[in-house]
C-alpha cells in the first residue's frame, strides 16, 4: 500500500470543529436525534431536550435511503428546511445524510455536517464532490467494507482537499441475526492506532436493539471512540422508522452521564 | 413483503433486447471485453475477434471505480468516445458502467447498455435516474447485498418505468480468501424460480482467478443463467486492471463452444 | 505453506472405491437417502427405489448432530442396525455420520463409508482416528471453513495413512438468509484444479430449498464435481428432519438423467 | 424456541466458583497465561508473576488444535503434568483445553477448569461428556456460531447436570482481514441481557493483534463481560504460538489496573 494522507504519520491527528464542538479532541462528542425528520414540532421538542442534556449536534434524516422503493423516503427539501429552522431556534448544529451529488451544493445552506451513509461509502463521485468542500463529513463504514476500503474512501475526500472527515463505525454485516449488524469495535481501536482521523460509533444501527445501545455506547468509548451518534426520540415507539433501535431521551441522558464517569 | 413488479406473477418473463440480441430468451448471451477501455487500437482488435467468435455485446470500462483514489480511474469521456467508434466500426453493441447521476444523459449518446456496478447497487439516486430511461440496465449485485436488497434495487428501476433490467450475479463477499469473491449460483437458481427478470453471471469477478472462469461459466449456465459477462483480452497479462481474472480470447471461444453443447 | 499429501503434484489423482463404485473417476456418483434413518420399512422402501434409479450409495443418519439438545438425536445403535440390514437386503453400500471417536471402531461392522459432518471438520481427534482406517471417509466442509482449513483437515486423515478421502462441499455460512447456506462451487473448481482428492457436492444442505436442488445439482457437475449427495425420501413432506430440502425420488431420477446428458 | 435452562428466567444468575474466585459476580475475573504450555521453568516463572499482579486463574494449552497436522500439537500429557506441578507450587487454579471425550476423565486429575475450544463448540459428544461433571467449563463460541447455536451448546452441558458453564466470546469470522477475528461485543451485551450464564471475553484471539488487546479488554468490560482470558508471556516474542497476539506481563498489569478503575 502506498502512503495515505489518512496515515498517522502523514500529519497531526485531525480534530474536526463544528461550532464550539471539537471531534477528535479529549471530550467525547454526542450526536443524537430521530432517524427521520418527521415534523417541525416534534423536531423542536426533541432538539430542545437533547441540547439540555448536553448533546452537541442534532441529527435527523431528510433523505432516507430505504431498501424498498415503496417505503417512506424522507421529507427531502422540506426536511432540510425543518432542520435549518430548528438549528436557528434551538441554536444547535445539525447533520443530515446527502445521497446525490446534485444535492450537495444546496445542502450547504441548511446543515453543518454532511453524513455519507453506509450505502454510499463506495459512491466515489459523491466522495469527490464533498471533498471539494470544507464542511465536516461523517463517513459511515459500508455495510461490508473492509477497514482498508473505508480508509481509502476517506482518502478520496482528503485528497480533494477536505480534511474534515469523521469516520463512523456502524456495524458490519455478518451471519449473526440476533443483532441487526455486528458492531466492530476492533475497527475503532485499529483506526485510533493507525490513522489520524477521528472516529465515532453508531450503536443504534450497530446493534439494532434498543436495550443494547447503553452498554455498547460505553464499550465504544472504552475502545477509544471520540464520540457517539445515537438515534433518540421523545417517544421511541412512535418513530417513523427504526423504532426498535431508538432510545428515549432519558436513556440517552443516562448514557451521557456514564460516559463522563469513564473519561 | 409487498408485491413487487419483479415478482414472477406480476407479468410475463422480461426479455431485454439489445439490437438483435435477446437476453432472457432461450439462447445464452455472451458479453465480453477488457476490464478497462485502454486505447482505440487494442479495443478494435479485441472487438473484431470477439464478434467473430460469437460474442453478442462488447464491454469495457470508461469510468473505473477503484478502492484507492491513486489507482487508474478510467479514461472517462475519452473512453466513451472509443467505445462509440468501435461500436460503429465493428457493428457490435457496447456496454459500460455509469457511476454518477450527472453522466447518465450524456452516456446515451455513446453506449447501448448501462452497467450499474456492485458498489452502486444501493445508490438509489442513480437507480431512479436510469429508471427514467428505456435503455437496458445491467444491475450487478452489491458485494454483500442480500437477494432481497438486490431485487428491491431492481424494483427502484422498474418502478420508474424502465423494465429493461438484467440482473448480474458477480460474487459475494465471504470469509474465503482463496477466491476473490464467492460466486453465489444459488442466487441464480433462486432468481429464476421466483422473479421475472433475466439474470447473467460474471465469473471473472465471481472467482478472481483465470483458471476458474471456464468451469464456473459452465456451472452458471447449468444453474439457469441467461448469459455471461466475462473479462477477456487479446493479451490478458497486459490488461491495465484485473489481469489475474482476465482470460484469452481462445479460452473464451472454448467456453462459448462448451455452452452451446450444454444448451 | 508446506507441501501437502493432498497437493496435486504429490501423487496420482485419488480414486476412492466403494464396492464397484469409483469416486473420482469419470462416472459421476450419486449418494442419496433420507436425512435420518427412521425405521426399517421406510428405509427398505427408499433403498429399493434408489437402487433401481441408479443411486450408488445409500445415506441415512443414525447419529444426528442437532443445534438443540431437545431435538431428535437419531436412533443411534438401532439406526446402524437398520442400515446394515438394508445393505444386505438391497445389496447397496451404506454411509452414515460418526461424531465420536469412541464410536468409530464399532461402526465398521455396520457401514461402508464414514461421513465426518460439517460440525466436526475441526475435530482433529476424530480425524486422526478415522485416519487409521482404510474405510472411505466423506469429509464435509466446515460451515465456515476456508478451503485451506478444509484441505488441512483432509491432510490430518491422509497423514495417518488413510488416502480414501472424499471432500464434500455443502454450502458455507454467509449473510444471505433466503437460502440456508451459500453453495460455494468456486471451491469445487478450485479443489479440482489444485488437489488430488475427489470432491462431491451436497445441494440439499447447500441450498436448504427443495426447488433449488435440481438446478444446483447440474451446476455442481458442470463445475467439475465427481458426484452428489442428495437428501431424498419416498414422501419428502414426512421426513423427520430437513423436510424443506428433501426431494422426491422422482425428482432425483430426473436429476440423474440430466446428469448423464451433461457427461 | 422452547424454554432453555440458560434463559434468564429459568433461575438465578449462575455464579461459577473456582477456588476462591467467583465468575459472574461483581468482581471481574482475569485468566491469563501463554498460548501453549512450553516447559516447567517458563510456566513457573509466568505463573508466579501473574499471581503477583492479581490474575485469578492460569491458562496454558496442553493439547493444541492446529489447522495443519504438521504444526506443534502441544505437549499433551506432559503439559498436563506441568500444569499440575505449577498449580501446586504457585497455588493458582489452572485451566486447559480438552478436545477428546477420551481425555476428559483423566484431565480431572490435573486441572481446575476445562476449556472447550472454538473448533469443538459443535462437538456434541464432548459437550455431553463434560456435562456429566461438576468441573467448571469455559465454552468458547464457535468461529462462526450464531448466539443461538452457542447458547444451545451450553444447554447441552446444563441439561446433563453441569451448571458451571462460562461462555467465552473470542471473535467471529467475517470478511475483515486486518484483524484475525471480529470481536463481537454485541454478543456479550446480548447474553447479559437474556441469559443467566457468566460470560468472559478473549481479546487475544478476538483481535489477533497485540496492540489492540488493551483497548478491547476495556471495551469488553464496559460491554458487561464478567472477565477476560488473555494470552500473556514473560517474553511474548518467544511464544511458541500466537506470538502476534500475546502481550507482556507489564501490559497485562496495566489492563488489570485500568479495569479496576472502570468497576
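Each chain carries a letter (A, B, C and D) given by its place in the written order, and its residues are counted from 1.
In this text, contacts are C-beta pairs under 8 Å (C-beta built on N, C-alpha and C of every residue); 3 or more make two chains touch, one makes a residue touch a chain.
As the structure is a computational prediction, the values presented were derived from the model and not from experiment.
**Q** Any idea whether A-C or A-D has more C-beta pairs in contact?
**A** Counting C-beta pairs in contact, A-D comes out ahead.
**Q** Please indicate which chain is farthest from subunit A, where distance is taken between mean Cα coordinates of the chains.
**A** Ranked by distance of C-alpha centres from subunit A, the top chain is C.
**Q** Mind checking the centre-to-centre distance between subunit A and subunit C? Centres are C-alpha means, answer in whole Å.
**A** Taking the mean C-alpha position of each chain, the two centres sit 48 Å apart.
**Q** In whole angstrom, how far does the Cα centroid of subunit A sit from the Cα centroid of subunit D?
**A** That gives a centre separation of 35 Å.
**Q** Provide the list of subunit D residues touching at least two other chains, using ranges where the numbers run on.
**A** 144, 148, 173-175, 177
**Q** Spell out the part of subunit A that touches subunit C in their complex, as residue ranges.
**A** 144, 173-175, 177
**Q** Can you name the residues of subunit B that touch subunit A in the complex?
**A** On the subunit B side, the touching residues are 2, 65-70, 99-102, 119-120, 122-125, 143-144, 148-149, 152, 155-156, 159, 173.
**Q** Touching residues of subunit B toward subunit C in the complex: what are they?
**A** Result: residues 144, 146-148, 171-172, 174-179, 182-190, 192-193, 206-207, 209, 211-212, 215-216, 218-224, 262 of subunit B touch subunit C.
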